[in-house]
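Shared chain: chain A. Partners: chain B in the first complex, chain C in the second.
== the complex of A and B ==
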């Protein structure tokens, strides 16, 4: 079998300290993105369990799969969920959801939940798009910008690069930092051009680490250019899959000269978590 | 109307939406200030390229948005409204009674 370098491991987590049977509200948020899908279950206002899975060929199955993974080690049945909100690019196609909300609103809400009320700027680096979002102290969006024109500088672009250089995708960030000197960024973040440029650089004798460094800094530079349009207000944080690539994030922070607030437990669940917080609000509102 | 205004001012201010993209040649964004937009639809009717639509947003307000399939090629779809020389008068902007729409280019 050939190695698939772009593969990352799917995972699920369950809160050991919480008994969902005692919770007054039990709701879920499901985020079906272009590359990965997440599900978060909220018992009252605490995260009960969550998952991060690869998106399959269609949204309904991907949603089912993500929710199934999150519930796997619990005794919660789908019928126990009192309200479900769907978000992400496949949101209109999630059969078990009671309402669809855009990922922009959900990411802001999720980042606010994890990072606290001081978060003002969120950079979401997803599988196929980039978003810059400003929000207020309650996690309500005050400005946003979305860029999905091409896969450049996104998770998908990174996957292509990992595959080309035959480097496991989770190692890309660290490897790109293990260089003696920062090489100039590749001139193009467009997946197609960057690929041929990378091949050229390898031929010239560049190490894999140097090519990765050049690619990560090109990506960081592109993201910073995008964010300049809406500006950075502190506190700043990064969500989405690429937020786990230290090679890209450290270069973004360096260029922007800001720190980012770490999101616990997981910056990749911000969308699904935000959706679950909306679900709880909507449920409580419907009871009144 | 009054309710709506009150909600906007006191409880739920709107947001600024940037639809579009940045590419090698520049920034192409249509910017909607949802505090000013009440979803009346006049701009939708005025746009000769039919790229705008009215939606109910996440916070249950009627607002205008750029259709998704057009937000990736604004430079080209809006080109007929933007002569290379002479004054630029965009039909969407003229139609809007509250000045909610701006363009970045």
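== the complex of A and C ==
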């Protein structure tokens, strides 16, 4: 079988210290993105389990798959979930969800949960979109800005580059930093143009690391442009799949001259986590 | 069939309507690019003025004629001509607005066969006290060209009648807009847009008749929907009904607008005067301007803010056709103005086709910013 360099490992996590049966509320958030899908189950206000899976060709199956993975090592059944909020690109097609809320609102809420009430600016770097989001101390969105329809500088573009250079996608970031001197960025983050430019650079004798450095820095530069349009207020944090690519994030922070608040347990679940927090709020509100 | 359904029907069959009109009346049809063609003069010549619009379909026929950096609306309109959808036109006129639509016009003149193709200059310095005189000169030439095409003179009586009919049209549409101030407007933004766009395509006598029917129907009309957030739409050319419908389905209502298929097109009337052409020219010089012909921001912005407040809007969708620089220059200032008055704004950039999924996310998130307060 040929290696699929773009492919990352799916995973799930379960909180070993929590007994969900003792929880008053048990809710879930499911984020079906364009590239990856996550499910988070919240027992009271604590994360009980979560998963991160690849999005398939249709939203309902991707949602089922992500939720199934999150629940796999637990004895929770879908009917035990008292409220489910769907979010992400496929949010309107999540069969088990009681309500759909946009990923913009959910990312802010999820980042607020993980990073605390001081978070004011969130950069979500997803598979297909880039979003700059401002929120208040409760994680409520006050302003946002999204990239246009092109996938330049998103996770999908990074996958194309990993395939072209035959570098496992999880290694891209570190390898891009492993250069003696920072090369000039590629001139376009457009996936198609950048790909032809990268082929040209390889032919010129550039190493893979240098090409990756040039691509990561072009992507970082594009993101900084988006963020500067909306403005950075501290604290700043990054969510989404690309937040795990140190080659891109370190260059963004360097250019912006700010630090980012690390999100624990996982910056990629911010959307699904935010959805689960909304689910809990909505459930509690319905009981009143 | 209700008046609203009739507008919808005519818009969907606009070419058929124009062709039927020709057959019914034996008159000629003149297409217009942008909204600076003096409709009164065309109508007084016994002709039907119709605005040339696009269809929002993917097309590649204009690639050889216009740069891809020309605004999508202008490419879309040229595509309609190239595809032969306006073959029934006897003439095409343009009142100068921007260089992009001029590209449409120039290519139409060179590559699409239409009997009369006429370019009406518009004074670059609209604010000049001599602007009206300048435009009267242009209108005189246009009037002569139309007379030559029909072989009949355009009389003062004819102009008076046309002025009266179009003023009535504007007044009636304003009355409909007034009803949109209601807490629960009896007409959606998409329906109101169909009303205005059809006024750019229909015989004004027939449109006025439908408006009178509409004004009888509206007071008793109850919409089976929540009004939701009251929004305003501001920007460049906009006749994408499907987009407005999608937007309103997400839980908001467009209660007022400021663009050339809405208020900006019909708001101002002609003040009749002894010199008919001067009266008409004065209307087009002093009308609610397209930013492409106006370098005076404050004049337009004051009007924008006033209708936003009068119609009690809770948010504004500011959109632009991609590459429409005159509108794009306005955006930072508009956003700033609205911010000072606590009206949140959402900015969207339109292309011939739009990414419905991503736009939907942005609009929903915008609505949630207001709605999720309750959580």
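Operating definition for what follows: the second predicted complex is superposed on the first by the 287 of 288 C-alpha atoms of A that agree within 3 Å, B and C clash if a C-alpha of one lies under 4 Å from a C-alpha of the other, contacts with A are read in each partner's own complex, and residues count from 1 in each chain.
Operating definition for what follows: contacts are C-beta pairs under 8 Å (C-beta built on N, C-alpha and C of every residue); 3 or more make two chains touch, one makes a residue touch a chain.
Note that the structure is predicted; figures quoted are calculated from it, not measured.
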Sharing chain A, do chain B and chain C clash or fit in the superposition? clash
Quick check for you: in the superposed arrangement, does A:58 touch first (chain B), second (chain C), both or neither? neither
So, does A:229 touch the first partner chain B, the second partner chain C, both, or neither? first
Is A:141 touching the first partner chain B, the second partner chain C, both, or neither of them? both
Please indicate which partner A:78 is in contact with in the superposed arrangement: first for chain B, second for chain C, both, or neither. neither
Quick check on the superposed pair: does A:102 touch chain B, chain C, both, or neither? Answer first, second, both or neither. both
Which chain A residues are contacted by chain C in one complex and by chain B in the other? 101-102, 104-105, 140-142, 144, 146, 148-149
Residues of chain A touching chain B in the complex: 101-102, 104-105, 134, 136, 140-149, 225-226, 229-230
Of chain C, residues touching chain A in the complex: 349, 351, 355, 357-358, 361-362, 364-365, 368-369, 372-375
Spell out the part of chain B that touches chain A in their complex, as residue ranges. 12-13, 15-19, 21-23, 27, 29, 57-59, 71-72, 104
List the residues on chain A that touch chain C in their complex, please. 89, 101-105, 129, 140-142, 144, 146, 148-149, 278, 281-282, 285
